[in-house]
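Got a structure for you, questions after.
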Amino acid sequence: MGDLKMISTHDLNKTFGDFVAVNNITFDVHQGEIFGFLGANGAGKTTAMRMLCGLSIPTSGEATIAGYDVYKETEKIKRNIGYMSQKFSLYEDLTVTENIRFYGGIYGLKDAEIRSRSKELIQTLELEDQRDLLVGSLPLGWKQKLAFSVAIFHHPKLVFLDEPTGGVDPVTRRQFWDLIHKASDDGITIFVTTHYMDEAEYCDRISMMVDGYIRALDSPSQLKKTYQAASMDEVFYELARGAKRTE
Amino acid sequence: MWDIRLQSVSKSYAKDAEKAVNDISLHVEEGKLFGLIGPDGAGKTTLFRILTTLILADSGTAQVGGYDVVKDFKVIRNSIGYMPGRFSLYQDLTVKENLRFFATLFNTSIQENYALIEDIYKQIEPFNDRRAGKLSGGMKQKLALCCALIHSPRVLFLDEPTTGVDAVSRKEFWGMLKNLKAKGITIMVSTPYMDEASLCEEIALIQEGNIMSVNTPDEIIDQYPEMLYAIKSKGMNQLLQELRNSELIATANSFGEYHHITLAKQGTKDLLIQALSHREDVELKSVRPTIEDCFINLMSNG
Amino acid sequence: MKQLLAFIHKEFLHVFRDPKTMLLLFGLPIAQILLFGFALSNEINHSKIIVVDYARDASTRSIIEKVRASENFDLYGVFNDHQQIEETFKRGETKMAIVFPTNFNQDLIHSGYAEIQLITDASDPNTATTLVNYFNMLLLDYQRELIEVQEMPFNINLSLRNIYNPELEGTTNFVPGVMALVLLLVCVLMTSVAIVKEKELGTMEILLVSPFHPFMVIISKVIPYLFLSIVNLIVILALSVFVLKLEIAGSLILLFGVSILLILAALSLGILISNVTNNQQTAMLISLMGMLLPTLMFTGFMFPIENMPRFLQVISNIVPSRWYYIIVKNVMIKGLGFESIWKESLILAGMTVFLLLVSIKKFKIRLA
C-alpha cells in the first residue's frame, strides 16, 4: 500500500435543495487499497460515488481523484478511472472481442496494444472459445467478470465497482474477487460497494455511510472490535439500524 | 396435504435455447415457509410464473392448493398472492390508493382482512398519502407485501423480495414472513442471498434450471460430505493462493474473515499447520458448513 | 362492476398525474388546430400585390391609390400587360393580381357597371381568400364614396380566378384532417403505451394473477381513453367553431357517431400493438410509424390522394382515417346527411369490427 492518496476528500458536500445527500464527508483512499464503501439504501452512496467519478459537481468541499480536482479536472479523472456497475455492463449485441475493442478504442489505446491486451484478457478469463460469441449469450457470471476486465482494460489507477456481484452465484462471486485481488496486486486501487457482508471482509478498509454521513471508517477487524460484533453483518446492522433516512 | 406440487416441469423460452427450468419436481406442504435459493438466471422466476399460471410449462404438471395450473387457473388466481421480482406498484398512486386498488381488484376491502396486514401496514400507514414512487426500497417492499396479502391468500409467492434492499430492511422482512407463516399461510420465497436460506423451513438449491438439493437447511448442511475448516492468517489473499496450490487441500474458498477449506486425502490438520508454520497468526478450526458452502460443493460436483 | 370502476378510477389518476400525458392529450390537439388555423388564416398585412391597369383613368387611379394606402397591401407595381402576373407569382413575389379592363371608368359612368378581375395564387388558399376579402372591403369603401359624390347607382363586379389550386382545397379541410390525426394518435398511442407500461412495471403480472378477468383489464384501459378522446373531439370542434369561425354544416350526432367508430378502431389497434410489444419505446415507435405516417400520407388532407401513383392509392384504402376524413368533410363542411356517406361509414365500421375481433382473439390471458 503506497502513501499516495488515490482519493482524498475534505468536507465534501452535495445538497439538492434542502436535502443534504452527502454531508461533509472526509476520507482518503490509498494507492493499491481495496476500499469498501457501504451504507444502507438511501444513505448517499450513489451521490458520493458520482462526485468521485467526476459525473456530478459537489456543492462544497474538496476532493481529488488520482491527484485531479473534481471541480476542474473531471476529464482527466475520467481518463484515469474505470467504472463498472451491476446494471451497466457490456453491449449484449456485440461479441466479446468487439466489446473489448470498443472500450479500448474509447480510451484511445493503440491497435497493437488493444490486440495484445485483449489476447491476454481472453486467456485469463478462459474465454478463448467464446471470443466471437455475442455477450448476450454468456452466463451472467461471465458477463460480470468480463465487464470488470474491460473496466480495467486501459490500466486505470482507480476502479469504481458498484455492486459488481449482485445476483451472481457463489462460485463466480469468489472468482470475481480473485480478479479484484489480482488487479489490486497490480497496483490498481479498488473502490467497491456491495450488499454481501462477507465481501466487506475482503476489503482493506471500510466506510459506513448513514444518512449522508460517514459513521465509521476502519479495517473490518477493527470495526468488529469497536462494535463488539462477531461479524460485519452485525456491525452493519448496529450502524444502519438508527438510520432515519431512506432513499 | 401439499399446497405446491411440481412434477418434472420443464420450460424453455425459445426452441434451441437452454432450458430455463429442467425437469423440476418438488412439493411444499401446507403452511410451510419454502425457499428457492439460487443466483440470477437459475430459473426461480420461471418457476414462479408457472405456479402463478402466468406462463405454461413445456412439459410436466403443477398444482397449487390442489388445483392444476393449466385447467384451474381461474381458481388458483383467486387464492394466491404474488409479489413479482420488481416490486409491482403504481409509482404515481399513493400508498392508500395502491392498497385500495388491489383490494378492490381482488373483490375485497382493506377492512376485511385488516388483521392479516395490520402489523406490516402500520409501519407504512404514516405515509398513506405519499406516492409509492417516493417510498424507500424497504417501504415499497412492505407496501407490495400488503398488496399481495390483501385478499388473504392461501399461498403466497414472493420472487426475490429482498434483492436490492439493505441488510436492516431484509432482517425486518424475514421477521414479517415468520409472522405470516404463523397465521397459516403457505409461503414460497426466492432469494439469491444464501444467508437467508437458514430462515426458511425447507429450501431448494437451484442452479441453471436444475434443483441440486431439496431439504431443510439443517439436513442439507448435515449432508455436507467433508470435514470443513476455517482458516485465517496474515495476508489472506496470499494464504488463499498457497492453500490452492497445496497438495494437502481439496478445496479452498474465501468466506468473509476466514477461508473455508476441505482437506485432500493425504492432508491432515497437523500437516497443514506444519506446512503453514512460516505464516503469522495462523488460526485453524473446524466449522459447521453454511448453505453457501453446500451450494458451492453441489455446484462443483454437479 | 366495482372492480371495473376502481380500475377506471386508477386509470384516470395515471393520466391526471402525468404532465406529459396531459400535454399530449390536450396540448397536441389545441396546438395542431391553432397551428394549422392561424398559420393559415391570421390577419395578413403588407402582402405584395400586382396591378395590371389597361384603363389608366381616374377611377382606376383612385382605386390604386386606396390599395397603396392600405395596411394590408404592398403594391408591387402597376403594369400594362398580363405577362408580369404569372412571372411574379412563380417567383413567389406576389400573391394576388388586380386587373382593370380597358374603359373601366367609361363603363362605370355610362352603364353603371364595371368589372375587375382578381387573380390569386391559390396554392396557399387561405391567404388567397383573405386577400380577396380585403380587396372586397376596400372596393365597398370606394363605392360608398362614389355614391356620396355622384349619387347614381352603379355596380363594380369582381371576377375571381384562382390559379394553381382552383378548388381552394385546404381552407377548411385541415380540421377534419387534424381530427383524424389526433384521434388516431391519442387512441393508438395512449392505449398501447398504457397497457405496455403495466407490463414494464410488472403490475401486469399481478393483474393477470388476480381474479379480475384479463379481458376486463383491457376494457378498463379502453374506457378512459374512449372518454378522453371524446373530450378531445369536443375541444377540437369547439376550437374550430369559436376560434377559427368554422361552421359545422351537418349533423353533430352523425359526426360524433362516426368519430366513435374511428376511436374504437384506433383503440383496437392500440390493444393489438400492446399485445406484441413489451416496452414503451417499441409501442410508441410502432404507433407513430404505423399510425402517424400513414395518416399524414394517406388521409388526403396533406397530399391529395388523386394525385398519387396508382398503387399508393390502393394502399390508402386500408387506412381507416382516409374514410373518416371523407365522411367528416362531407358532414361537417358540406353539410351532407347519412345517405351520402353510408358507403364510407360501412367501410369504416367494417374495419372497426375487424380490428376489434382480431385484438380480442389475440389477447393473451398469460404472459408470453
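Every chain is named by a letter (A, B and C) in the order it is written, and numbering of its residues begins at 1.
Definition applied: contacts are C-beta pairs under 8 Å (C-beta built on N, C-alpha and C of every residue); 3 or more make two chains touch, one makes a residue touch a chain.
None of the values given here were measured: they were computed from a predicted structure.
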> Taking touching chains as linked, do they make an open path (line), a single closed cycle (ring), a hub with spokes (star), an all-linked set (complete), or other?
Replying inline: line
> Centre-to-centre on C-alpha atoms, which chain is most distant from subunit A?
Replying inline: C
> Between subunit A and subunit C, what is the separation of their C-alpha centroids in Å?
Replying inline: 57
> Between subunit A and subunit B, what's the gap in Å when you average each chain's C-alpha atoms?
Replying inline: 27
> Hey, how far is the Cα centre of subunit B from the one of subunit C, in Å?
Replying inline: 59
> When you check subunit B against every other chain, which residues touch at least two of them?
Replying inline: none
> Of all residues in subunit A, which are in touch with two or more distinct other chains?
Replying inline: none
> Which of the residues in subunit C end up touching subunit B in this complex?
Replying inline: 2-3, 6-7, 10, 13-14, 17-18, 201-203, 205-212, 365-368
> Which part of subunit A faces subunit B closely enough to touch in the complex?
Replying inline: 39-42, 139-141, 166-172, 174, 177, 181, 185, 195-202, 220-221, 231-233, 236-237, 240-241, 243, 246-247
> Which bits of subunit B are touching subunit C when the two form their complex?
Replying inline: 13, 49, 52-56, 73-74, 77-78, 80, 82, 84-93, 97, 100-102, 104-107, 147-148
> Which residues, counting only subunit B, touch subunit A once they are in their complex?
Replying inline: 38-42, 135-139, 163-169, 171, 192-195, 207-208, 236-237, 253-257, 292, 295-296, 299-300
